[in-house]
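What follows is a set of structures for review.
You will see subunit A twice below: alongside subunit B first, and alongside subunit C after that.
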Partner chain A sequence: MNAFSYARPRALAEALRMLRNGAMALAGGTDLLGLMKDGLARPDSLVDLTGIEGLRGWSHPKGRGLRIGALTSLVELETSDALAKTMPILRESLQDAATVQLRTMGTVGGNLLQRNRCWYFRDEGTVCWLKGGNRCFAIDGENRYHAIIGAQDCVIVSPSDLVPALLAYDAEIALTSSRGTRQMKLGDLFVTPRGRDRREHALRSGELITEVRVPEAALARRGTYLKAMDRKAWSFALVSVAAAAKFERGLARDVRLILGGVAPVPWRVIAAEKGLEGSALDDAACADAADRLLAGATPLRDNGYKVTLARELVRRALRSLVA
Partner chain B sequence: MLRGPGEADIAFTVNGAPAKVRAAPRRTLLDTLRETLALTGTKKVCDEGTCGACTVLVDGRPVYSCMTLAITCEGKSIETIEGISKDGELHPVQRAFIDADAFQCGFCTPGQIMSIVALLRENSAPTEDDVRRAVAGNLCRCGAYPNIVKAGVSAGKRKS
Partner chain C sequence: MPRVVKSREEFEGEIFESLVLVEGKDLPVAPAGTEFSEIAKSRRRVDGQQRVTGRARYTQDVYLPGMLHVRVLRSPYPRARVRRIDTKKAEALPGVRGVLHRFNAPKAAFRGEETIFREEVRFVGDEVAAIAADDEQTAVEALRLIEVDYELLPHVVDLEEAIGDMAPRLDTDGNVAEAATHKRGDAKRGLKEADFVVDATYRTSTQLHNSLETHGAVATWDGEQLTVYESTQHVFGVRQGLRAALKLPFSKIRVLCDYMGGGFGSKGGVGKYSIIASLFTMQLGRPARCILTREEENIAAGNRSATLQQMRIGGKGGRITALEHISWANVGQGKWVANPTGPTNTLYDIANLSSKSYKVVTNAGSLSAFRAPGYVEGTFALESAIDELAEKMGVDPLTLRRKHAASPKDPMVGKRYSDKHLIECYRIGAAEIGWQRRRAGGVRGSAPHRRRGIGMATQIWGGGGGPPAYATVHVNSDGTVVLTCGSQDIGTGTRTVLAQICADELGVELEDVHVRLGDTDNPYGPISAGSLTTASVGPAVRLAARDAREQLLGAAAGVLETPVAELRLESGVVVTKGARTPLAEILGKVDNNTVIGKGGRHPNDPELSLRTFGAHFADVEVDVQTGEITVEHIVAVHDIGRVINPTTARSQVEGGVLQALGFALSEERFVDRATGRVMNANLENYKVPTVKDVPAKITVKFVDRPDRKANNLGVKGLGEPPIIPTAAAIANAVANATGARVRHAPLTRARVLEALAIAGARS
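Let's look at the complex of A and B:
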């Protein structure tokens, strides 16, 4: 790890000032320290955000949606019984995310901004396309964990368990920098690296995520999160699926269907969701949705299994909503 | 207040006693415990947040000390394997590990024990599945898992 200076301000404005001057933000550190140890991040200074009290915890003001502070630990979201009633998919998506230790350390904001797990990217000695090199080594290399759809110059996959679950409930995020604040749909945070845009996130320089917001209307949905792993624990998703819908007389409305682990961004196809509107989510409807969701999939040498896996997880997730 | 990149004064509590160390911001809690405070019960294995051998409790919660910067622990309470026995008596989880033969080489054991100590504070009568989940982030290359799970369950019974 390179040498750096460090500060832990109490005031958000102070943290934003440091970020404007080029400091990197530290929260749980579970991803950033790994990047720093591997020489993939070399900050001159770190601003530790954990002293800023206003960004921790969650609230659900009656009828006004759920608000989750960006510094809330993943374990707090996972273990809160109140939250498990308000939005059960949060616990479901987090209980198999990483390990207790990492969920204790890791924060919501950090989870949204974690970088990909491609072994070529993570290897300090490999200058892959995403790190400014000429080519993606995974496209014709070892690629069993890589993208089957939606990739351009780089076949990384979106690694988060929490993100598909939040997207199934139309989450938005609040952002702030020394220039002001803005709000965006969570889905717009994720960028497919292509051309000269070699980034994974649309966060601007000097900007922080301060809050995740879930609209009240979405909390009425029934949802589920399923994750396929190499092992039964402590693995990133090979494929994951978050599905949610509300039901009127047994027919699905406002269906949401998001895949993790298959594309550089959380994978969502509006036509697949629209096709399920008013459906009873029978097997034929599930197969049709999977067709639309995975249309145009181009598996690499070692990851064709992900197509089969994704189709079956989609079916199981949608069926479980009506079970 | 910007500190570093050279050494800075850091004060925290280790196993109930105040500790003051000088460490650069890039120094991990693990290296500080082992090399500055000579608390070598906490093991350094993968040093990348994967194996759990370095698990300690910070403010009562299990964390990977290899992925924690010492300077972020200013004012916090740290508990290591050296601090859990009392008056020469082994902690119930330590005793349960011996009775259940829950280790072979022993290198992952301090981390396993700290994870279960943390679990028992939240859940005094864990099931096998609770213990399995609590130590999912602690790898044992000897494969002593079945007995680690037994030890965790029996330590719960022992404590209550």
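Let's look at the complex of A and C:
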């Protein structure tokens, strides 16, 4: 780890000023410290956000949707019984995420912005395409954990458990920088690295996520989150799926279906969701949705099993909404 | 009179004939059913409190005044020639005190090579240079400043590629060398005559030890004497290695290992890190600490070889007619091979058998012994194949095994076993798991897409131990005791078990025995490996305690003016017909101050084969749509002679089962073929089982009968047996549950899903 300066301001404006001057933001540190120890991030200065008031906790003002502060710890979301009633999918997605230690330190904002787990990317000694090199080593290397769909120059996968769950509820995020604030759909935060754009996130430099917002209408949906892992705890998803829908006379409306662990971004195909509108989510409809979701999947040497897993998890998740 | 006699020991599957100097007579074994004061009693670890309160000092906790921190520059390439090293910038960094590399380091013999820094580095992680600095951070920074000119050479890291014709030849004789072969009867004919033949290929992946404490040493030279604190399974082995490397006499080297955070076979001798630390302290006059990081541990400190194994097995009339086993093991840059054919050769009484084991060198980190080296890999193939044959023959797999498991003779060497209760292990295990519930094709599990099944596999291993091993027992004038031997407690409970043996034989309270281990200034103790500690050191401790007790009773007889025959020593009290006198009171009346008893391990009977046996039974549930395996219950039954401490024995078995669970389901090293780099040299992607992976139930059973021909305690070892059969038992249970046969451990999602698809089990 290189030497760096460190500050823990109390005011958001102060933090934003430091970010504008090139500091890196530190919240729970569960990803950044690992990147620094592995020599992948070498910041000259860190601005610790944890002293800033007002970015922590969640609220649900009546009829106005759910708001979650970016500095809220994952464990706080996971263990809140009130939240589990409002939006049970959050707890489902978090209880198999990382470990209780990591969930205690990790924050919502940090979770959304975590970098991918590709072992070539994470190996300081490998200069892969994403780090400015010439080639993706995983495409014809060890790729059991890599993308089966939607990838171009780089076959990383979206690692977050929380993100698919939030996307199933049409979450948006509030962003702020010293230049002002903006709001975007959470889905727009994630970009597929390609061509000259070797980024995973659409965050502008000096910008912070301050809040996650879930619209009230989405909270009427039932949702579920399923995750397949290599062992029963402390593993990133081989494949995960978040599914949500509301039901009118037993028929699904506003269906949302998002896969994690299969593509460089959370994987969503609108046609797959549209195809389920008004369906009773029977096996045939589920299979059809999986077909549309995974059409164009091009597995690599060692990750064809993810297609099988994804199809089955999609079926199970959708079936569980009607069960 | 001391005399020299023949002995015969087994170590990690190899047999050694030896000559041993012995003195006096050995003691007889107490018969089964004997009521002891300490032996066969469940006791908490005598050092448990020290360990859990953090007071126990491990090698990594040793910080000496003025200590230098050493870090090693390792090759980033799998094969390259080191043409030039420029350390000017590194040496200019404030705080850097020393640099070693192939152009300036003194010759230091290491495992048959003359130097520890090779001209041709042969795997990613091979040592290129080392820096000693005032602190760790400076040493790390200095590593980045060393400039090395490498000439890249063609490499191969994958086992099957290394066997093939296209691979670069790494050794002059090629990459593949025959390591072991065994033949009896006529396997070809036996296969021809069989009604059913299974011809299958099995694979096991590279498993990493991941001891909680990484490898490392702290060395300090005082101008006369080199003292090395090392995390090791064999202080005397480290001393031997340092003597060879540094050309110092034994008397000038002291190696210490008090508490130790696991080795599992990988810490059997001196490491390059210990030599590097020693060279620095001898050059610079300050203590030097060289402790590996987790990543270094997982690229350069050993592993269990990946294997490719071909099995041909034939059956007829409810019996096995022949068995052929050919194995290839990726030893990396290792100079030996852990033969997977050991269990094939020795487990079953099969008349026609042929086995061959090949060693394959590659540009990957060397193998090192890993808890039952070879046997874990071999048993996976052998016991899977036996189940496959039983399935083909339409017979119960346990019944088939029973027909070949009852022989009282070692089928490979023809000698009689000292003792054997394998059939009893089968009986106990079958009853515990409910083998009668097993149905061909498995049963429905807890949901429609889940299938449940039962499988089992057999274990054979050595564990008889043998000489040399010594102990001394010092009884202080207050009746307390210091037991000293050169063995070490690598986390298995050695300290506790030896204290129990000592207290029991001597007739004192357990808490009055203080055990001193892990020091080459102590009487010699063997390597803590090969499941041999209890069976090697335990009998020596018993003799030392007996020697001391006889002297104590002599003293008591004199002081109490009572014939020795009328005296007993119990719980630190001398008991006569009418009176109880504390030992301290007796010793207070004689001026000897210290009573010294000594004992040495007597030889094994060279005409006998000493083996441990066991069987594991697994009850698993498989999600046939996602390939997820849940191990619900493991029954582990072992025949290891008399059990000294049921609590520590149970811990050993549970630990073995869990380490086997990793081998069976999730642990697997990945090496990138193009770059030779280990992709998962960390605990994120090298998947050791978590507490959630632990089976809901682990039942541990022992036959627990003394092996009366093994040694004076009737004990055998337990370190390795419990890791041997678990993976095969799980694979067999998965096959029973689903019809899917997975022939590659670990049984990952990809492999299980593929096998399920072949079996047509996915609806």
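Definition applied: the second predicted complex is superposed on the first by the 323 of 323 C-alpha atoms of A that agree within 3 Å, B and C clash if a C-alpha of one lies under 4 Å from a C-alpha of the other, contacts with A are read in each partner's own complex, and residues count from 1 in each chain.
By our rule, contacts are C-beta pairs under 8 Å (C-beta built on N, C-alpha and C of every residue); 3 or more make two chains touch, one makes a residue touch a chain.
Everything numeric here is computed off the predicted structure, so don't read it as measured data.
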| item | value |
| --- | --- |
| Which superposed partner A:A233 touches (first subunit B, second subunit C, both, neither) | both |
| First (subunit B), second (subunit C), both or neither touched by A:T50 | first |
| Partner chain in contact with A:L309 - subunit B first, subunit C second, else both or neither | second |
| Contacts of A:A218 with subunit B and subunit C, given as first, second, both or neither | neither |
| Partner chain(s) touched by A:C128 [first = subunit B, second = subunit C, both, neither] | neither |
| Shared subunit A contacts, counted only where both subunit B and subunit C touch the same residue | 233-234 |
| Touching residues (chain side subunit A, partner subunit B) in the complex | 1-8, 26, 29-30, 33-34, 36-37, 45-46, 48, 50, 75, 95, 98-102, 104-105, 233-234 |
| Subunit C partner contacts - residues on subunit A that touch it in the complex | 117, 119-120, 123, 125-126, 137, 140-142, 144-145, 228, 230-235, 238, 302-305, 308-309, 312-313, 316 |
| Subunit A partner contacts - residues on subunit C that touch it in the complex | 76, 625-628, 630, 665-666, 670-675, 677, 679-680, 684-685, 687, 689-693, 748-750, 753-754, 762 |
| Subunit B - residues contacting subunit A, complex | 1-6, 8, 24-26, 28, 47-49, 52, 55, 61-64, 67-69, 71-72, 74, 115, 118, 132-134, 136-137 |
